[in-house]
Amino acid sequence: MLQDAVHTLIHLLVAFLLPPALGSVIARTKAVVAGRAGPPLLQPYYDLARLCRKGSVFSKTTTWMFKAGPVVSLASSMLAVLFIPLGAHGPLFGFSGDVLLLVYLFGLGRFFTASAALDTGSAFEGMGAAREVSYAALAEPAFFFGLIVLCRITGSAELGVMLGPSLGAAWIAASAPLAMVCVAWMVVLLVENSRVPFDDPRTHLELTMVHEVMVLDHSGPAFGLIQYGAAVKLQLYAAILVRAALPISTGNAWLDWLVFVAGLAALAIAIGLCESTLARLRLTGIPKFLVGAGLASAFAVILLAR
Amino acid sequence: MLIALLILPLLAAVAAFVLPSDRWRAYLVPLGGALHFLVLAPLVVGPTVTSSGNWLVFDPLGKLVLSAISVLYLVCSFFVPGYLAHYNHRPNRFFVMAMLGFLSATSLVILAHHLGLMWVAMEATTLITAPLIYFNRNVKSLEATWKYLLICSVGIALALLGSFFLAYASIKNGLPSSLLFEDLVKMAPQLSRPWLHAAFALLLVGYGTKMGLAPMHTWKPDAYGEAPGIVGALLAGGLSNCGFIALLRVLRISQAGGDGAYAHEAMIAMGLVSMVFAAVFMVRQNDIKRMLAYSSVEHMGILVLGVGLGGEAIYGALLHLMNNAATKGVMFLAAANMHRTYGSKQIADIKGVLHRLPVSGALFIAGFFAITGSPPFGPFVSLFTILGQMMKSGRFFVAGLFLALLGVVFIGMGASVLAIVQGRPTALASASPDREKLWSTAPMVVLLAFVLVLGFYIPAPLQHLLEQGTAMLEVTR
Amino acid sequence: MVHLVDALLMAVIILNFVALGSSRIRSSVRVVGMQGVILGTLPLIVHHTVTWRGVVVAMLAVLLKGLVIPKMLEAGLHPSRAPREARPFVGFISSLLLGAVGTGLALLFAQTLPLAQAHTGLLLVPASLCNVMTGFWILTTRRTAIAHVLGILVLENGVFTFGLLLLDAMPELVEAGVLLDVFVGVFLMGILLKHIDRELSEVDIAAEPMTILREE
Amino acid sequence: MTQVLLVLAILLALCSGAPALVGPRLSGGRQRLAAGLNVLAGVLALCAVAVSALEDAGIVPLTVTAPWLMRGCGLDGMQRWFIVPIAVLGPCASVYGVGYWPQASHPENGRKVSLFLGMMFAGLLTIVCSRNTWPFLFGWEAMALSAFFLVATEDDDPAVRRASWHYLVATHCTTLSLFAIFALMRAETGTFNFGPLPDTVPIGTSNGLFLLALFGFGIKAGVFGVHVWLPSAHASAPSHVSAMLSGFVLKIGIFGLLRVLLWLPHPQLWWGGVLLGLGTVSALYGVVAALGQHDLKRLLAYHSVENIGIILMGLGVGLLGRSLGRTDLLVLGLSGALLHVWNHCFFKSLLFFSAGSVVHAAHTRTIDDLGGLLRSMPWTGLAFLVGAVAICGLPPLNGFVSELLVYLGLLRLATHQTGLHWLAGALAAPALALVGALAVACFVKVLGAVFLGEPRTAAARHATEAPRSMRVPMAILAGLCLAIGLASPLLEPLLDGAVATWTPHAHVRLLAPLGSVSLAAAALLLLIALLALWLGRRLRKSGSAGAVTWDCGYALPTSRMQYTAASFADILTGLFGWVLKPINHVTFPSGPFPRRASFSSHVTDIAFDHVIQPLADRGFDAMQRLRTLQSGHTQAYIVYIFVALTALLWW
């Protein structure tokens, strides 16, 4: 019993404290590739603390909607995290169909973030919001076909079961579709979390931004919430992708935690490498890429029909 | 007693001829109508009456049609005094005489049980209605009257030839030749088949011309288009039904003579052709009265189609005869009011009737929904019964075509009706002093109430008459 | 007796062709008048027992069809305006040919109808059908309104000849009624003809009479 | 007992408008009376549902034997399910109408609207509770005709006349196909009463009835292809009428389809496939077309097409389940569709009510002329937000619950082992997900353009909040959306009763985790509240100041610089251009000193502008050519007579 309580505590800690660290690993990888020393690993935590203490400036044209944006997007990400398995450890909660809760919680977060951006009444934030919702809509089928593949293989609609122990055996039986799903999910991860090929988190030219420009007008604790929400969302996608790619469970609980953290780090480094090596896609190129990813995962479903 | 039905309107006509003042003469029409109705009412409820050597017989079919015409005539006759007062600059002696003569002629057609006598009466109705159509005294109404007379004469001549063929059919097989319906129906099985066959074709075309079935309907749009609204109502509701009852009498003989199958197929074909013609000519029609004329062609087609199908559809057709007469009355009177107020029949010139003539506009729309078979009204019940019989006898193609044509007619007619009724009235129309008076709206309201009641509940005597009528036309073998 | 009837019927058929062929309206009116007279007298001949009522009806028919109607129609023919010739759609020769074809068709159709033994020899049915067809051709090939009235008359004559077959079935009263109706019909058309002349005086009556009412 | 209540409710609603005709033209009292009568009718209908539920459960004995008029109506599980939303929506709409369409400011058509609103409400009640052809058809036509007169309220505007005309033609096609259906059914069963058709009915007739029902009821439900009347009718009708139209009149089509599908013998497998395919296409087309709209109410109308598509997908899964023998699929699909009927009825009418108060305040329906209304109309803005979140199916609210049921049905279909039927589920589920995401995009666009940012025109600037009589119905509907989202298990008994009409023992609880969904929704709301509190405390502690929007330092932002609806949706309308076929009206700047250049684009409806309209025009032109038969020549007419004669003789 004690064992379970400890592991649930670790589960909560990993779920809610680890996300900013993921961002720092990516930043550190990019710095090392660029030959720089890079910011200290705990820099994101310092930023969050600083933002919580700072004063904030709100535009006169905004209403309560502007403040609701960050709050709802973080709440939906945090709730979603409770339903996903971290490595071999099953999720804290789960019911048949919680996959859809996950997908639609992302939708809710996106709805409020984009609305908050439009509330400021600035052209740039409108541009960002438009791009965010459009690309997310195009990425939706890619993610969902992957879920269909997993659902078809494991025969259940519960995330814990789909990414559970039976996935290991499934990899042997249907490795080609699953590999294709992982590639598609990698693209979805990069799009949803505004990583380089699709969006540059550190760009300063608003015309080219997608995600960053939506949060242009936020400041102080609200901006802190947004940063933390983005980090949690990144870790969420990463956890799903890692579990789908490496469905191994070592049998020893502690060792599983290490495997999971190592997996996350490896994925962070991979994202860092992607950002350093790839250049950004033209804005008109992004929809083609997303539709391509969607067709890839759709093809995975067709492969299953064989 | 039956003779009274014929003589009373004639007496009123003579009085009209004698009476000098235009104003009082106009009131003779409602008087004649009321007298006719009073005599008719007890007869309809009573048993089948025959008189003068059963040349005049008042059988259930006759009761149905004559009561419909009499009610329509009585209600519409209240329209006439106001109408004639409005056009007081025109002499109306011939008009009133013709109106009353029309009533007695139609009564004679329905009562006559002798082919020759019925033909003479039918020809008389044609001749009496000619001056009615020519009442507007302009070039167009002249041409309309001329074509009406010419085409109906050709049709009636063929009908006469058909009657002679029927008479000869009995002589051919050495039977005592007689043109009385009862005798013909009794002798029918022995009648020589080819003559009976040819006779039915001729009579169908002859009396079909009188009814306005396509392709012999060409006189109808011109005649109804140019005649005054009140005359249009009586023609559409009354005269066409005379043609229909003549056809029914002939059908009974043909059925009894074993040629029923051919008769039914011919009538179904003729019915559908009429509906096709009506649908085609209804689309983008630019004249309200011509539109109503094509609607009349369509509904005559439906009557013939119903009887051709047999079974329940006969009940539906007979009920539709009543509904159609009343609804056509409403729409023609409304069209008359609009024509008078807007000074034009062209749909392009009439707009915003709901605002300018609220009662006429509302009743025109209600009549439109009724005539195209929308449920709360009477015609829906009869159309639905006819459709039910089509489905029961497995004629799916006919049912599909029937519904499609009803749809096209709805679209054609609806576009015109709504273009007139909705929107704002033109400056010219709102300027004209014409107001809606009681005489111009009360008849319509009564007729529409009648149609609405028929939609919900069919009174027992009418139900009894309809069943008897259906039994008469049922194919016995 | 039968030969006389056949001869008269042959005369009627020939008169049809004359009516079809004649170019002048005045002559065709007179021809139709003659046809009316012949047909008026025929029932007396065919009918075995001659009753006074039959005679009265025959006299009435001859009087109306022979004299009154032609006189009225000619009155309608104003010397000044109405054109001499009734310019038909088709030439006169072709209308004659049509008449011949029509008669042929009528004969064919008459064959299909079996006659009672008493009437096998008689020409009655073909004659009447031929008249009907001629009436049809006059109605459809001529332009002027007066020609149409003539067409109607020839058609009525055709139907009337068929009526001779069943004289005993048709009591005189009804026969008179038929005659009266035809007469009143033609009389009304005559009145309308005067109105047409008055109304359409400016429009040449021979041209397109009255096609104002049509669907565009 | 239920029949007495039902007939009373119907009669009350029917004559609710009558007193308005009698009184003086401008008095609002009659209208309030009419609204009161409608509310009473709604309450009676709800009591009837409760009583009949108890009767079926055997608690209340079936006492009074109904006289003739009432024998034609009654309530079984499915009918109870459909009575509730109309009993809620009807009163809300008429109460809303008191404030939105007051007699005083609309003298010439105010009374007409309240009269026909009552008639439509009565017609809908009659249809749902009828058990015989005659009340069904009478109720149907009463509803259809009164809806026509309601849509044609402002008939001096040609666009409104055209819209009401398209509606009338569409509804008449439905009526004609209903004639065919009921005539055919009577021919088979011999009676006018409703009931399952005997198995002796040949498969051909059964298929024919299915296609007729799909066509007739599909027009009424607004399924893709025959939805053409829907957008223009909703845009031109007064908003509370559009709410009734979109809220329930579309559902009456689904109700009719359900009834007929229940009675048809020999259910075929391809029926379910057709419904699922048609539903998916309708959902996709509805949301994509909505993206390109500039008119607020047309946009909401296209979303009705989308939601009807979702309902049809649920129905399709249900039918496939029935044919494949999978009762779990049947229960899930059917309950998802039925629950979505309720949800769509509530959140769509909520959206139309808030759109109505926007139009009432700003006197325009063009989204690009509005903006910044959340500040001047906070309650309407909140109502629209709740409606928008619900319609996109986002978690805390009711939209998510019913879409979850449909998803579960689709996912179970995707895991079906035998045959390739699972591919249908495997392709439809991602399509539904795409529809959800596009709906989010569309409603962010509308919310941002109408309620957020700066007001773009003077009318938007001077907008004032709607009166109380308009806000109360909105509050009720928003409350219902939240209640269903948080407490969906409460609906299980009523839902099981409805699904029980199809399969004997249906228990949604075993197949769908409604309990845990409600818990998750509650948890989400709790989390949001906590974070909001934390943020509020932090902001008070660390202070906040107001300033001009940080537009990267641009100091003079104007309202025209904001993203409009068209620019927001440009990426997606560009991608879906092959469906929307947008038409651009461009005036290029010309000459050395160009004075004026403009660009505007609008989206065409592929089914109407590119298929139905050209076909109709070509058909009517052909008829026009045929009219030369009536050439005016008497000779020709006589030739027709002889042609007819020879045809008859020769035949």
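Which chain is which? They are A, B, C and D, in the order written, and residues in each are numbered from 1.
In this text, contacts are C-beta pairs under 8 Å (C-beta built on N, C-alpha and C of every residue); 3 or more make two chains touch, one makes a residue touch a chain.
All values derive from a computational prediction rather than experimental measurement.
Novice: Counting only C-beta pairs in contact, which chains form the busiest pair?
Specialist: Result of the pairwise contact count: A-D comes out on top.
Novice: What chain sits nearest the middle when you go by CA atom centres?
Specialist: D
Novice: Distance-wise, how many Å sit between the C-alpha centres of chain B and chain C, to the nearest whole number?
Specialist: Between these chains, centre-to-centre, one finds 31 Å.
Novice: Calculate how many whole Å lie between the centre of chain A and the centre of chain D, each centre taken as the average of the chain's C-alpha atoms.
Specialist: About 36 Å separates the centre of chain A from that of chain D.
Novice: How many Å are there between the centre of chain A and the centre of chain C, using C-alpha atoms for each centre?
Specialist: Chain centres of chain A and chain C, defined by C-alpha means, are spaced 100 Å apart.
Novice: Can you work out the whole-Å distance between the CA centroids of chain B and chain D?
Specialist: The answer is 44 Å.
Novice: Going by the touch rule set out above, which residues of chain C reach two or more other chains?
Specialist: 139, 148, 210, 212-213, 215
Novice: Among the residues of chain B, which ones contact at least 2 other chains?
Specialist: 146-147, 150, 154, 198, 221, 281
Novice: At least two other chains touched by the same residue of chain A: list those residues.
Specialist: none
Novice: Could you list each pair of chains that touch one another?
Specialist: Listed by label, chains in contact pair as A-D, B-C, B-D, C-D.
Novice: Can you list the residues on chain D that touch chain A in the complex?
Specialist: 371-372, 374-375, 378, 381, 385, 388-389, 392-396, 400, 403-404, 407-408, 411-412, 414-415, 420, 422-423, 426-427, 429-431, 433-434, 436-438, 440-441, 443-445, 447-449, 451-454, 512-513, 516-517, 520, 523-524, 527-528, 531-532, 535, 538-539, 542-552, 557, 559, 561-563, 567-572, 575
Novice: List the residues on chain C that touch chain B in their complex, please.
Specialist: 112-116, 128, 132, 135, 139, 145, 148, 152, 155-156, 158-159, 162-163, 165-166, 168-170, 174, 177-178, 180-181, 184-185, 188-189, 192, 195-196, 199-200, 210, 212-213, 215
Novice: Can you tell me which positions in chain B touch chain D when the two form their complex?
Specialist: Within the complex, chain B contacts chain D at residues 146-147, 150-151, 154-155, 158, 198, 201-202, 204-205, 208-209, 215-216, 218-219, 221, 262, 266, 279-281, 283-284, 352, 354-355, 369, 372-376, 380, 383-384, 387-388, 390-392, 396, 399-400, 403, 406-407, 410-411, 414-415, 418, 422-424.
Novice: Would you tell me which residues of chain A are touching chain D in their complex?
Specialist: Answer in residue numbers: 52-63, 65, 67-68, 70-72, 74-76, 78-79, 93, 95-98, 100-101, 103-105, 107-108, 110-111, 114-115, 118-124, 126-127, 129-131, 133-134, 136-138, 140-141, 143-145, 148, 151-152, 155-157, 206, 216-217, 220-222, 225, 287, 294, 298, 301, 305.
Novice: Can you tell me which positions in chain B touch chain C when the two form their complex?
Specialist: Answer in residue numbers: 114, 116-117, 119-120, 123-124, 126-127, 130, 134, 139-140, 142-147, 149-150, 153-154, 157, 160-161, 164-165, 167-168, 170-174, 177-179, 192, 194-195, 198, 221-222, 225-226, 281.
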